[in-house]
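These are the structures, in structure tokens.
Two complexes are shown next, each including chain A; its partner changes from chain B in the first to chain C in the second.
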Partner chain A sequence: MTTLARTTGLARASNAWHRRKPRSEISKPLIATGTSIFALVFLAAVFAPLLSAWGPEDIDFAAFLVAPGPGHIMGTDGNGMDIWSRILYAGRIDLGVALSAVALAVCVGSLIGGLVGYIGGWVDEITMRLTDIVQAFPAFILALTVSAMFGSGLINLTLAIGFIFAPAYIRIMRGEIRALRERTFIEAAECSGNTRLQILYRHLFPNALTPLLVIAPLNCGWAMLTLAGLSFLGLGVPVPGAEWGAMISAGAADVVGGRWWTSIYPGVSLFISVLAFNLIGEGFLERSEAM
Partner chain B sequence: MLVPVLVGVSILCFLLIRVLPGDPILSIVPETATAEDIERTRARYGLDRPILTQYADYMLGVLQGDFGDSIQTNRSVAEQIAERLPRTLELIVLGFLLALVLAVVLGLYSATRAGKPGDHIARILALTGNSLPEFWLGLVFILVFFAALGWAPAPTGRIATGIDIRTITGFMTVDAILTGNGRAFVSAVYHLWLPVLTLGIVVLAPLMRSVRASALEVMRSDSYQCAQAHGLTPSRLLFGYLVRETMVRVPVLAALVLGNLIGGSVLVEFVFSWQGFGQWALRGLLLRDYPVIQAYVLVTASFYVVAFLVADVVQAALDPRIRIH
Partner chain C sequence: MKKILDHDTGALAPAKDGLTRRQLFELGGGIGLMLTLAPNGAFAQGKKELVVAVPADLGGWDQDYLAFDLVGLAVMKNCYPYLLEYGVIEKDGARVMDTGTIVPIFAESWEGDAEGKVWTLTMRKGLKFPSGNPMTARDLKWSKDRAFAAKANVAGVYRMIGLTEASQVELVDDYTVRFTQTQPSDLSSHIQIISLYVFDSEELKKHATADDPWAKEWTGKNPQSGGAYNVVSYKAGQEIVLEANPAFPIDSPRVKRVRLQVVPAAANRRLLLEKGEIDIALGLSRRDIDDLREKDGIKVISSPSNEFVFMPMAVGSAPFDNPKVRQAMAHVVPYSAIVDNVYNGNARQSTSPVPLDMPGHSAMGYPFEFNIDRAKALLREAGMPNGFESELVIFAGNIEQERTAVIVANAAKQAGITLKITPLDPGTLFQRRTEKTIPLQIASGQMWVNDIEYLLATSLTPGGFLNYAGYDNPRINEIFLTLNKTSDANARADLFRETQDILAADVPWLILAQPNFDLPVSSGVSGWVQPVDGLFRLRYLDVA
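Moving on, here comes the complex of A and B:
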């Protein structure tokens, strides 16, 4: 693994300011498109009650498994629930869980990573070995286990997904802090009599945050896919809760019989939202590489 | 590095599943069982002993290739791994290879046209694939290629019923070739192509991204520009300079992707009723079948660690500057 560190170190050194590449032109449209799609999905979720005639769990007893048409623009599922309104309300859960899980992972991860990176010594050593272990765990199975352990409430799912993402942030934050610690401006801050805490929070943290925030959007998309995957297997949001993965799962059996609308529409919504995050993430990555 | 991580993983897993609410014993004893019966069954599986003793016993067994017996089926876990693992490996290795080939081709295509429409289209396509939930993509493929077009079989397993095939390696396609069974080979490929395509599309993007980035760096390097200035033919430049140097940086990320695949194949297996390693573990997890979960996690983590080891070796083979001491 040392070889990897060495090659990336080399790559970084050669990226010094005097060889700065021109800022990529594609990052702007990527971020703009991603943000617009995200805003659209977000607003649709927030204003769900205004945009749909049915509640997410309302049953239309006159319409079981009807194809899309007037009355139900995206059709209904086997329980007579309106797909369109369920998709809108599901956005609240999917976006909410994904954003809070990643926010949690960023906060906890950067806090722990920053501290151990600054303190160093055996605390650092132990923390790093622990993150090695958690990261060698198959991520999806870890999420399954943790959510099975806590039970499948929304808060528990958020905790479970946050937990599997945190080690990555610990690792990045620690690396950044350790690199920054040697820089002269930190030395200057030490000389002018700042306490260790002040240095950590005023000087190190703000400068180390960028690489974390670059991967955050990608993780949001991933968190959404994880949540939907858990629900698809029946370990996430329980029936009849409106969540995209659970809806796809409920409609999976209809697909073979050609009744596509129950699972295709929720899948498209999930896909579009994840794509939004991935576009933003790709844009961020592009921008950070060009810097 | 390798052994401590695996020991840590085994301890974490051992503890984690024992904290899980739910008792594996309660799911196998009849409803009429008395408290005494339950205790007796628990003792039979050694679950009444202190956790440290249980762990030591288990690890001693693992070192001798004995992963214990499944609480649910009473079958040897090692035997079940031998049966299930090849199914999943066949799926993910083929999916990974498909993604790798596509990533190299698309990544080089993109890099050589950096900033042009072709580059943008290729990247957006890969990003789109990466945003697709694999379980849903699988369903869409089933809808289109099975229900509508009839180009793929029903998503129920690895081979048509009624075809006899002798198991040698457990890899359906390999066994078919080894036994010269043409019909079985065709049927196996027919059943494989949809799930393999699903997995390949989903993991393409990160691989392609790294190929492209690495190719761009090579093209900016002095050595490449020098070769270009000497007027080498485009194909000489491509295969002699660009491809080789580009590939140097791919193995590490490829290992990460492959390592993630083995733990991430559960959903695709589920959609295609593959009955592979992941689905086996999922069932084990739902029924709190401790030995099954432990074995799954250990095997997956080892696979992950070994993938990185292989990546280091491959990288050293590709890059003469790196020597493993």
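Moving on, here comes the complex of A and C:
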């Protein structure tokens, strides 16, 4: 009863807000804010060598676990490494793995989903049952299992995260293709003498991509959290690689001793980056629903 | 079945139903007497239980196959009946084990013949295991037969004192066992102190099978009792509860009950100690321990230790099969940075593979210092001017090892050496050590017998179970065999010196540091006795 009331209340508040502004207008600030934050993080990662005097794995033997100050603006960790520098360089890994994994999932997932959706029949059935199997497992546990099986390392992590996201894209693409192939413009294309491959490539894929673009930014945020989670458990980037999850994990023990800077700064970096992707994703979602 | 305290043995013995008036008076009188003799009486001990937070469950209950894990080292010496023990002396204001004094515990006497080849052990009479089975020389003989037949760790160390076959351990009668060594040895008593523990053979035989005649599987999984403490409760992965053994034949344990609680996160163990909910926190990082020194209600028991941290290199395979490469490695380690930053200065920098404080230690055993230019020159001489790549294996979750590895890898990079740090879980680490597939690793050790001959036997000769480097030098092997037969102090000292000269040239290990022993405890804990072997003796502890 309470849940229903709360849900209804939230829905009412949400509807009221939506009534005030059209969805297409809501999407603009979301996308703009998200893109700005992402651009900031991205540029900081790209220009890391210019923004920091230290390399990500350089040790300052005179400054182990020092608090934020003039020499090290975010302090140093237990290995005497500059946290500001590591956060900047970690952005390369976190953004790189997240974007690569999602790109991989989008490419592989949409290709397989498009083909099985167009071909149909037993190929479609088998593929869907296989995606059912993969999706039956909790995503993080699956990523944990895959990376434990194949070992840590950036390529393996990217493949593991891409693997757990791909089934969602297969399903979405398949559904879109199945709906589109019954449309009259496809019949017209067939009558015009286009081959099946041409129809897929020229007419079906371009029209089915929109939902994928909505989900992809959200998945980038999840991919970063998954990577951070794997690194936190020691299955991510090898020691002493700079990665936000690994930095949070390494610094967690120091927090009890009052050395908060070792974990808090990478945690905030991760939060801001995931927020950026979520804002972009939400923005696209609002825009697509307005169309 | 009802049981009563056996006045002679202290063990629980079957009782007749009901108490006679005479027994009642005797019991009342006994209680009065015990209360009068408060300090050493059973009822004066154990004002409360001692709670110890440990990072993990122990690696197994079979003392013959001790996993050398932190919890195993804290528990085993307390729950197995050991027949002999070192005495205790005051030294520099601390209580330490005295390797010059041997105290029989479950044994009545331990005597060698004039030549030092034949040793006779007589056991106390009337001893019983907690199961009710009598503890006799038959159990001791069976225990040593098991060690030889099942190739236990004990069989490995026994070879040092010329005990290589079960037939050399003879059962004379129900209370006497005779050990006939092939040669006399200075280490006989020291080796026996760490080796003479007894299994409840009648109990183990019940669990033996055709495939497992020595009940290794059952023993590894089930708690063994009969020492200073009995294990009264064991919840795998959660908790071990020990209770003082009323049948312990000498000074009763001060604390009646010890609870070892598994708390995996170091931060939680630290917080529990700070809040006063536990008395001892095991497995904290050096930095945590240093923070705790400042806290009220907590003290850190500290003393120099013979534990040494080292990096064995696989001398049998490239690139570490080249002594020049090993010498180059010895020059890329920033030793003082490790002592200062990993151990916060609570460690000593050793100058030999033979630990500081071990008799015969020579400062010339490891003549290396941090010098990248010298390392590069040695690499050029070795035909590797561009350096090389290697794996550096560490124990997963060990923060000191991880920080040491990061510092060493960082320094090695300056000489063109790329070290990929691989943390391994205990199971995989053990397997890879057994298979000898680790090129470079960080390890730590503490010799249970403070003698170079023991060090060679366990760690620097073929067959030594701690010979992670796979080191096999014919002259060192010869020296070890000579030491076996040499009792003359001067001759042994010469051999010790020669050993370290050879090791200084061969460099099978990188000697990183010798950390001090630091144990954070609540301020109410007292009575700590510093062991020579790193094995805790909980029976000396008291808690307010």
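One rule holds in what follows: the second predicted complex is superposed on the first by the 267 of 291 C-alpha atoms of A that agree within 3 Å, B and C clash if a C-alpha of one lies under 4 Å from a C-alpha of the other, contacts with A are read in each partner's own complex, and residues count from 1 in each chain.
Criterion: a residue touches a chain if its C-beta (ideal position, glycine included) is under 8 Å from a C-beta of that chain, and two chains touch if they have at least 3 such contacts.
Just so we're clear, the structure is a prediction, and the values are computed from it rather than from any experiment.
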Practice problem: State whether A:V256 touches chain B only (first), chain C only (second), both chains, or neither. | Solution: both
Quiz item: Looking at the overlay, does A:E289 come into contact with chain B only (first), chain C only (second), both, or neither?
Solution: first
Quiz item: So, does A:I59 touch the first partner chain B, the second partner chain C, both, or neither?
Solution: second
Quiz item: On chain A, which partner's contacts cover more residues, chain B's or chain C's?
Solution: B
Quiz item: So, A:P49: does it touch chain B (first), chain C (second), both, or neither?
Solution: neither
Exercise. Could you look at A:G267 and tell me whether it touches chain B, chain C, both or neither (first, second, both, neither)?
Key: first
Quiz item: So which bits of chain A does chain B touch that chain C touches too?
Solution: 252, 255-258
Exercise. Could you please specify the touching residues of chain A with respect to chain C in the complex?
Key: 57-59, 61, 64-65, 78-80, 234, 238-240, 252-258
Quiz item: Mind pulling up the chain B residues that touch chain A in the complex?
Solution: 1, 4-6, 8-9, 12-13, 16-17, 19-22, 115, 120, 123, 127-128, 130-133, 135-136, 139-140, 142-143, 146-148, 154-155, 205, 213, 217, 249, 252, 260, 262-264, 266-267, 270-271, 281-282, 285-286, 293, 296-297, 300-301, 304-305, 308, 312, 315-316, 322, 324
Exercise. Spell out the residues on chain C that touch chain A in their complex, using ranges where they run on.
Key: 266-267, 270-271, 285, 287-288, 291, 334, 337, 341, 396-397, 399, 402-403, 405-407, 409-410, 420-423
Quiz prompt | Partner chain B, residues of chain A touching it in the complex | solution = 1, 3-4, 7, 11, 25-26, 129-130, 132-134, 136-141, 144-146, 148-149, 151, 221, 225, 228-229, 232-233, 245, 248, 252, 255-258, 260, 263-264, 267, 270-271, 274-275, 277-279, 282, 289
